[in-house]
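Once you scroll down, you'll see the structures, which are given as structure tokens.
Here chain A shows up in two complexes: once beside chain B, once beside chain C.
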Partner chain A sequence: MEMIKLDYPAEETVPRRVHVGVVGSGDLEVLLEPSNDGQAHVSIRTSVDGYGAIWKNVLDRFFSRYKGAAAIEINDFGATPGIVALRLQQAVEESQS
Partner chain B sequence: MKNDSGERGGPALRLGEDARPHDLVELRRRDALVGEVPAPDWVQGCLARAPLVVVRRTRQRSGWLPVGVRGPSRRDRFAAWLPPQAVASRIRPEDLTGRCAWREAPRRRDLPHFAALDRAQSLMEAFGLTWGPAGSMGYELASRTPCVTATSDLDLVLRAANELPRETARALVVAFAMMPIRIDVQVETPAGGVALVEYAAGATRIMLRTLDGPRLVADPWRPEIGREDLS
Partner chain C sequence: MSAAVPDLERFLKRRSFIELSARDRAEALLDPGGYHELLGPFDRLHSPWLPMQGIVPQEDDGVIVARGRIDGQPAVIAAIESAFQGGSMGEVGGSKIACALELARQDHEQGIPTRPVLLLETGGVRLQEANLGLAVIAEIQAAIVALRRHVPVVAVISGMVGCFGGMSLAAALCSHLIVTRQARLGMNGPEVIEQEAGIEELDSSDRQLIWSLIGGEQRHAVGLADTLVEDDAVAIAEAVRDAFRRGLPKQPRSEQVKLFLERLAAIDPSQPLDGKALRALWDQGATA
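Up next, the complex of A and B:
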């Protein structure tokens, strides 16, 4: 079990709170909601230790395109970076729909 | 499903027909595995205890099977490739169900997971579904070596060549939620795998794990319908 926290600058407001993903092997849950300080904050709780650099890389890439002031909570059960990126994208789509 | 790469005949196990994700493959020779990076120390020890690897969900390369070695802890997974002639046999999750492999399991009294399989079986049979144990339970039953722990989820694979009625999915989710351990069911469609719980919830788009990576789709049996460009 490992906790990782990351912060990013933001430009846009987040319309609503969404929850995507599932609790299950190789998957993750993403809770995305408006943050209260105009910045983006990510809090990752992962069952697999030692992948901090990969998490930062995936989130850096995500926030190079996404500018929402979101508070994102991730509950990870050993998802691959591809699945993490897809779930983040799904959360953004749902928050904007 | 049409098959992958340019492989030739012979005894080769082909993904999607002969070998599918979640299947376990018994090795004829332990040294036949080829990794993309050097194998960590634990790999040979694990294979010496049980020469079993699990088929990974990615495309075959020149007939070589993508497989993974299960290590002693969660983060110990080793991805490798296996030449088809090094395959001794294949064990599908449903093969373990066919012979009720958990009934005589030595640790049946120690862990609730084995009794949960009895209940899963009566449920799945009631709906006429083809299913089997995967993950740590599949590995334990196939290898006859301990792998499930008290905190393990019970991973099940449900074969769904045709569309699974949403009501059936919901009924299964409700029934599994009442069991004393967490049951994680992957529904395998001809296009890939989806989480039963996500399919049952009925969201507009759900995640389908395919041989080419994960995708968001509206219908996991007809993934081309309603597909939008994701980027």
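Up next, the complex of A and C:
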């Protein structure tokens, strides 16, 4: 198990907190809520060690489009980068609906 | 397959309960609107023991507790998420179930008719939490027995994990047990039996054999489950409402000691016994 922390600048407020996903095989849960300092913070706990660079790529790309000041917590159970991106997108959509 | 067309339409229209997450399952059984989750993921009551062992926890520890209404009456549902650690019972998740049942009992003592429903999709105790998991399963069992004096405690096993270990005993203590054909109910899972007793004893990869012994249809046929229902969220919700309409059973299954001792005495362990033969043997003394 490995812990990864990433921070991003943000411009928009997050309307409401949401929870999506499950810590099941090949899946992850995402907890997205407004952060308290106007910046975005991501805290990842993953079952697969040694993929820090890939996590940073996935999150860099996500935050190139998403500007929410979100505190995101991820519990990952071996999801592929594609699944991670989809779950993040799902969380954003639900937080805006 | 010629008669399959009407069934196919029904099949396509149905909303699979098995495919839902535990959270969606709980919501599907409650009256529309008013779903309210207690100790949800943002309360961050995850297992303290899993990260110490290098295992990623889930923020609700795989148990969803939700309040709402069933048939207009107050209700509480505890749903186990089978995708997280095989639905295993750890200290936190198990305590959530035990506390929900305990609070429902307190409701009844204060005249609030809270209806309890358990969605039991679990391999049993979480081995990483050992005795703490076992202790909390005992608490769940004690809470079921205390609560079933006031109100039927209704459990659903829908599959595909099934309900095993100490939690199979919890299922057996419930007043009313609803199963699908895909459900399984047993003390030891097939893989455990094969590992301990050898493949000559039980081939756990033989799905037809396994379901003929411990599958939902068989458990219903021999009177160890009360309602056999299709994998359909609407049908299961109706079965749950119906279980409460029926009210308390005359005698909980686990108190029918004489009946089950007679049933066990009727079995000759020196002779091979399959699911079909057990049905024939026990059919004569079917439970009320």
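By definition in this document, the second predicted complex is superposed on the first by the 97 of 97 C-alpha atoms of A that agree within 3 Å, B and C clash if a C-alpha of one lies under 4 Å from a C-alpha of the other, contacts with A are read in each partner's own complex, and residues count from 1 in each chain.
Just so it is clear, a contact is a pair of C-beta atoms (placed from the backbone, for glycine too) under 8 Å apart; a residue touches a chain by one contact, two chains touch by 3 or more.
Here the structure is a predicted model, which means the values were calculated and not measured.
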Please indicate which partner A:23 is in contact with in the superposed arrangement: first for chain B, second for chain C, both, or neither. both
Is A:50 in contact with chain B, with chain C, with both, or with neither (first, second, both, neither)? first
Partner chain(s) touched by A:41 [first = chain B, second = chain C, both, neither]: neither
Touch check for A:86: first (chain B), second (chain C), both, or neither? first
With both complexes overlaid on chain A, does A:76 touch chain B (first), chain C (second), both or neither? second
From the superposed pair, tell me which chain A residues show up as contacts to chain B and also as contacts to chain C. 22-25, 27, 47
Per the touch rule, the chain C residues reaching chain A in their complex are 21, 40-42, 51, 54-59, 62, 81, 83-85
Would you mind writing out the residues of chain B in touch with chain A in their complex? 74-75, 135, 153, 155, 182, 184, 195, 197-198, 203-205, 207, 209, 213-216, 230
Across the complex, what residues on chain A touch chain C? 1, 17, 19, 22-25, 27, 29, 31, 33, 45-47, 73, 75-77
Inside the complex, what are the residues of chain A that reach chain B? 20-25, 27, 47-50, 78, 80, 82-83, 86-87, 89-90, 93, 97
